[in-house]
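Next come two complexes built around chain A: one with chain B, the other with chain C.
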Partner chain A sequence: MLVIDDLTVRYRTAGGEIEALSSVTLEARKGATLALVGESGSGKSTIALAAMGLLPAEAMVPSGRILFDGADILTMKAEARRQLRGSRIGLVFQDPFSVLNPSLRIGDQVGEGLVHHRGFTTERAFARAIELLDEVGIVKPESVAKAYPHELSGGMRQRALIAGALASEPELLILDEPTTALDVTIEAQILDLLEDLRIKRGLTMLFISHNLGVVRRIADEVAVLYAGQIVEQGATEEVLQRPVHPYTKGLLAAIPRIGRRMGRLAAIPGRLPDLRNPPSGCRFAPRCPFATADSANPQSLLAVGARMVRCSSAEALRDTPWPVQHETVPAATAAAPTASAPVVEVENLTKSFVLSRGALHWEGWRPVRDAVRIKPVDGISLTIAPGEVVGLVGESGSGKTTLGRTILRLIEADSGLIRIAGETVSDKPQSALEAMRRTAQIVFQNPDSSLNPRKTIRELLGRPIARFGLAPKAEIPARVDALLDLVRLPAHYADRYAHQMSGGEKQRVGIARALATEPTFIVCDEPVSALDVSVQAAIVNLLADLRDRLGVAYLFISHDISVVAHLADRVAVMHHGKMVEIGPADRIMNAPSHPYTIKLLSAVPRVDGPPLARGGVTAARNRGVMV
Partner chain B sequence: MAAFITRRLVFVVLVLVAVSMLVFGVTTLLPANVAHLILGAFATPEQVRALELKLGLTDPVWQQYLRWAGGFLTGDLGESTLMNRPVGPMLLEAIQRSLMLTGLSFILIAIIGVGLGIAAALRHRRPLDHGVSVATYLGIAVPEFFWAIVVIIVFAAWLGWLPASGYEPISAGVWEWAKHLIAPTMTLVFGHLAHVSRLTRSSMIEVMQSPYITAARAKGLPERVIVLHHALRNALLPTITVLALDFGRLMGGIVVIETVFAYPGLGRLVVFSIQNRDLPTLQAAILVVAAIYALANLLADLL
Partner chain C sequence: MSPEPATAMSPALATPARPPRKPMPLQLKAGLAITGTILLLGLLAPWIAPHPWDTISMRTRFLAPNATYWFGTDEYGRDVLSRLLMGARLSIGMGVAATLVSLAIGVPMGLAAGYFRGWIDEALMRLADVLMAIPPIMLGLLVLAVTPPALWKTAVAVGFVYIPPIARLARSVTLTLASEDFIQAAKARAESTSYILFREILPNAWPPLIVEASLRVTYAILLGSALSFLGLGAQPPSSDWGLMISEARSFLDRAPWIALAPGFAMCLLVIGINLLGDGARERLDPRLKARLGKA
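This part shows the complex of A and B:
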């Protein structure tokens, strides 16, 4: 159906040419699902754009063919390519929040391909759009078709996008991270829907994802990409259970798994090679623990059993696991959670926001407008012991972030008691929170927006030290060096700006900044969500080490239950602003009692455990459920 | 929404009241004795005194203001001290002519500005884009009276195609009427294109890079549909706001243009009444300009 043959793509940038793809060869067989897996910079989205003939103007294709049903998409006329797009090939994008046009009705956007490809009238296309919305499991498709994108939830938008891609009955569906922006329960529904459609319509799917658990649920075959090359390709279950290429091994080892608590995750050290000048030998060699003298020579894809692996020592490495480095924790400073007074106590905390106001009506003599409120934090009580990690999980909109910020009084609570390090802070004015601001800190999700781009790292880290007068001015540089050392960044990084660092390094700076005031409690608000798996593992390890060495307590907020399961001592589950369950991590993961927790856990895509039956199972159950 | 509009309308009224006080205050402070002006240089002090009493000029200022404002509300705008005609009909005529000029200019600014903006955005960083940028900047950077003179020299003096100044009513023939409008319109449009075209260009460039445009391309839609149906809708929002604000600016621009082209509209009336100390006309005219400005801004907020 789709054959990609020896495809190389380069992007012209200000800093030189970047080789995004290097002789990639792939084949998506009719009626099957091929998954492309890789971290950021692997080139997986470039494949999707190239297959659609949508490469940006900066892209050059020095070699390769993309054959769709025998015809080369790269050399055909622009008009012929346009006819193919949206008609025989459909594309579903990653972010349902930005790929729908905000000023057009859903029904128009779903049906418009039909108007231009099949000559439908606008009315007929709209009517067909309603049928398609119904087919992808949207309840009340008539009213949804008339709605604008901002009126729909993420899951509904993603369904609408899929409906739009299916409108003209394509033979090939390319999905670029279709569930990444969604909550796990919605993700499970979308995956079931796709599997359902594949069977019913005989679709061929090219599924692009960074999430190996998701891939396991949907793909027959998987190709692992690293730095623009395929490093391993084979049947999904084979590759995920018995990886051969060192990168695949590392990627799988870096994933935290529910029900298997390890001391530390296996991180992949180092970073992507410079793609302006890719090394001629193995591109993974600088990060590979198994690198040999032969790694400096160009590697080609070799058959290892039924699969293809780009590593000359593949045969030898078949059964060698990825080495797990154990960080040595100095025993003297390792602090175990003690029975002393809790560092955080929250009682009956409530916060509500006014969403909108209702119609005007009279209450006695005065006009009143009722407020439509949501309560993201609804009567929450919680204690955190010194050095304890409490994981906070829940879906988007459940109130996790609001709770974290309300505890730190970055958002003012409506009512309730907050006590931090024995001091009641909920009744004090902001001006009297000096001590609390020092004791309790926060690490944000996105270091790009939380680090001032115009300040060097030295200034960023020195500022809180100076602000709280923790060291005389002359000693601040030494303190900054010590902080960088603590988060394992080299000292010369102090003179860099945020944009000169990678995502993982920036997040280390974010953590160092939180640590600058020597706090006893840190709210970690989705600190690893924006990071790749291999980098995420290193940051999670760092947070675990810091807890052991400094005895800091965390409120670790994440939508990724596996990460929380790995790091947290206790886990709290939030749903619609209420804490539905809290308990030791092992118990919550292995024997959850609340139905919502059970639902949440069963939806998590896993890379291990018994393979899930594909398709149909939950689809039937979820049909007709508004998402 | 209704509550919002009501609140804004109340603000508009408050602004107009403030403006009227300001205008009245400033004009009464002017070193001009109205009675003296009416009667001419040879009037005796007794005659001036008598007329002052008759016109109520000896009353306290606030009484004069209330009388004037009350007249305004009942439709009596007073009488032009210079031309001995009621201000109302004179002002109405001038407003009609000025609205003709500004309205035409406004429509052309919107069409040409948005068109140039789209063209420049679609040819981002290519010669056409740079050409449009330079031309529109030149238009806004050089003062209007300069372009007015250039237009007169080129079209009236050299080519002789258009009259250099004046106005003909439509009853004198459509072509005669149009001929007198072309030159001032051209000058106004050129001076105001930059705002609209630059803003359309930048928001269009941004929109064309947004994911939903890539998604529209992935649906295989023709480029024309992508630009006009998907992109323009979203790119025009900021432009519409600026257009409404520009209408207010145009009302200010006509003072210069009407003077240069001797076009008998509101702008010229203002200048004329200032030069001749015709206070009732001046007060009424400025209040009208302020009202148009305030309403244009209100409209901009609503859109």
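This part shows the complex of A and C:
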């Protein structure tokens, strides 16, 4: 169906030419799903863009062909390519929130392709759009077709986009991270839908994702990309359960698994090679624990069993696992300390926001508005012991972030009691929170936004120390060095600005800043959600180490249940502003009692456990148990 | 401690420090050259001016540009080039002073409005609207009509005229920055409001403000010259460019060079400062730089 042959793509940038793809050869077989996985910078999106013929102007293609049904997309005329995109290839993008035009009705957008490519009248296209919306599982398709994008939820929008991609009856569907912006339960539904469509319509799918769990649920075959090369390719279950290439092994070992608590996650050290001048040998060698002298020579894809692996020692490494430290969880932290007084106590905390002022109507002679309010935090009570990690999970809009910030008084609560380190802070004015601001700190999700771009790392880390007078001025540089060491950054980083560091390094600085005031409690607001899997593992390990060394308690907020399950002593589940369940992590993960927790857990895409039948989510949900 | 970080952060693998500096953008070079030259000539005017700028000499009236008087002479026989050089100080000084006035008032206004929101925002921005509703020339006239005209008053008047655009820009930049997490982080260590405004937000707001301010300098020079032209700025015999054009107006048919010389000078200065502003933005914005570097 789609054959990519020896494709090399380079981008011209201000800093030099970057080789995004190096001789990639792929084939998506008719009626099957081929998944491309890789971390940022692996080139997976470039493949998608190339396959759509949508490469940006600064891209150059020195070699390669992309054959769709025998015709080369790259050498085609622009008009022919446009025709192909509109009729035989359908596209679904990552972010359903920005792809739909906010000023056009859903029905018009879904049917747009039919008007342009099939010569439908607007009315006929609209009628067809309603049928398509029905096909992708939208309830009341007539009214949804007349709605505008802002009236739809994220999952509904993604369904509408899929409907739009299906409108022209394509044979190939290219999906670029189609579920990344969605909650797990919605993600599960969309994956089921895609699988149904593939079977019903005999679609060929090229599915691009960074999430191995998602890939496992949908793909027949998977190609793992690293630094612009395919390093391993084979049947999904084979590759994910018995990885051969060291990078695949590392990637899989870095993923926290629910129900299998390890001391520390395996992290892949180092970073991507400089793609302006890619090494001629194995591109993964500098990060590879199995690297040999032969790694410096160019590596080609070798057949190992039924799959292809780009590693000369593949045969030898076949059954060697990624070296993981099987450190046992220290006893002191495994059992949550009970003797000492809790570091955080929250009772009956409530916060509501006015969502809209409501419609104006008359009550007798007076005009009144009934404000629409939402309660992201609704009567929450929670205690956190010293050195304890409480995981807070829930889907977007469940109030996790609001709860975290309300506890720190960054958002003012409507009512309720907050006590931090024995001090009641909920009734004090902001100016009297000096002590609490020192003992309780926060780490943010997005390190780009949480570090002032105009300050050096030394200034960023020195300020909290100076602010609270924790050290005399002359000693501050030494303290900054100590903090950098604590988060394992070299001391010379102190003179850098945030934009001179990678995402993981920035997040380390964010953690160091929170630690600068020597707090006993840190709210970690999705600290690893913006990071790649291998970096995420290193940060999670760092947080665990710091807890063990410094006895800091965390409120660890995440939408990723597996990370929470790995790190937390206790887990709290939030849903619509209420805490539906809280308990020891093992119990919540293995024997959840609240129906919402069960639903949430069953929707998590996993890389381990018995292989799911395709569409297995629904089956699991029907059985009402975890798989 | 796990072994990962030791290798992860070894210097060899860590992010390379600062990528090689980008060459200076061409517009910045050109802007610097033009503005710098004019500024230097203006500063050195008393020493390099070929003739006294204010000595009337009836024998040399209305001479066309020639070897002695490069830009010709005016109706009182004064050397146009010398007057032009002396006038550069007045025009540039006025433009810069006016811009400083609007920055000094507009930036704190915008910061406060964007950070506090609510009624403070409303009050400050409506005030800016009122200022904006008055035509600039009228505002200048208002200030200068009630008191005897002087160049510094022109500068203040022009400065007031350009408060609203500066305040609006500062407000919009602050709105974006205030929602960034580093502001939350500052709040989480109980920083004072003035620290957050002036140490966290302001340094990030500078790049767009500098670009805007440099544009405003050119507008201020033009508006100040217009006011001078109307007799509301520098007073004769001083050689402010606006005033020179105004005085030369009646001889435009007989001696066009008297008006053209300051006109061209102003044009060149405006272009130079604009180039400087654009070039500076490209250089100053760290995020822009990071984007260009990585891409």
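Here, the second predicted complex is superposed on the first by the 594 of 627 C-alpha atoms of A that agree within 3 Å, B and C clash if a C-alpha of one lies under 4 Å from a C-alpha of the other, contacts with A are read in each partner's own complex, and residues count from 1 in each chain.
Going forward, contacts are C-beta pairs under 8 Å (C-beta built on N, C-alpha and C of every residue); 3 or more make two chains touch, one makes a residue touch a chain.
Worth saying up front: this structure is predicted, and the values here are computed from it rather than measured.
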Touch count on chain A, higher of chain B and chain C: C
Touched partner set for A:Tyr497, first chain B, second chain C, both or neither: second
Partner chain in contact with A:His117 - chain B first, chain C second, else both or neither: first
First (chain B), second (chain C), both or neither touched by A:Ser450: second
Chain B versus chain C as contact partner of A:Phe468, first or second or both or neither: second
Which superposed partner A:Asn541 touches (first chain B, second chain C, both, neither): second
Chain C partner contacts - residues on chain A that touch it in the complex: 11, 13-15, 264, 267, 269-271, 286-287, 325, 327, 405, 408, 410, 430, 433-434, 437-438, 440-442, 444-446, 449-455, 463-464, 467-468, 488-490, 492-493, 496-497, 499-502, 505, 513, 517, 538, 541-542, 545
Interfacial residue positions of chain B with respect to chain A in the complex: 210-212, 214-222, 225, 229-230, 233-234
Sites on chain C touched by chain A in the complex: 1-11, 13-15, 17-19, 22, 180-182, 184-185, 187-191, 200, 203-204, 286-287, 289-290, 292-295
For the chain A and chain B complex, residues of the former touching the latter: 52, 54, 82-87, 90-91, 93, 95, 98-104, 112-113, 116-117, 161, 164
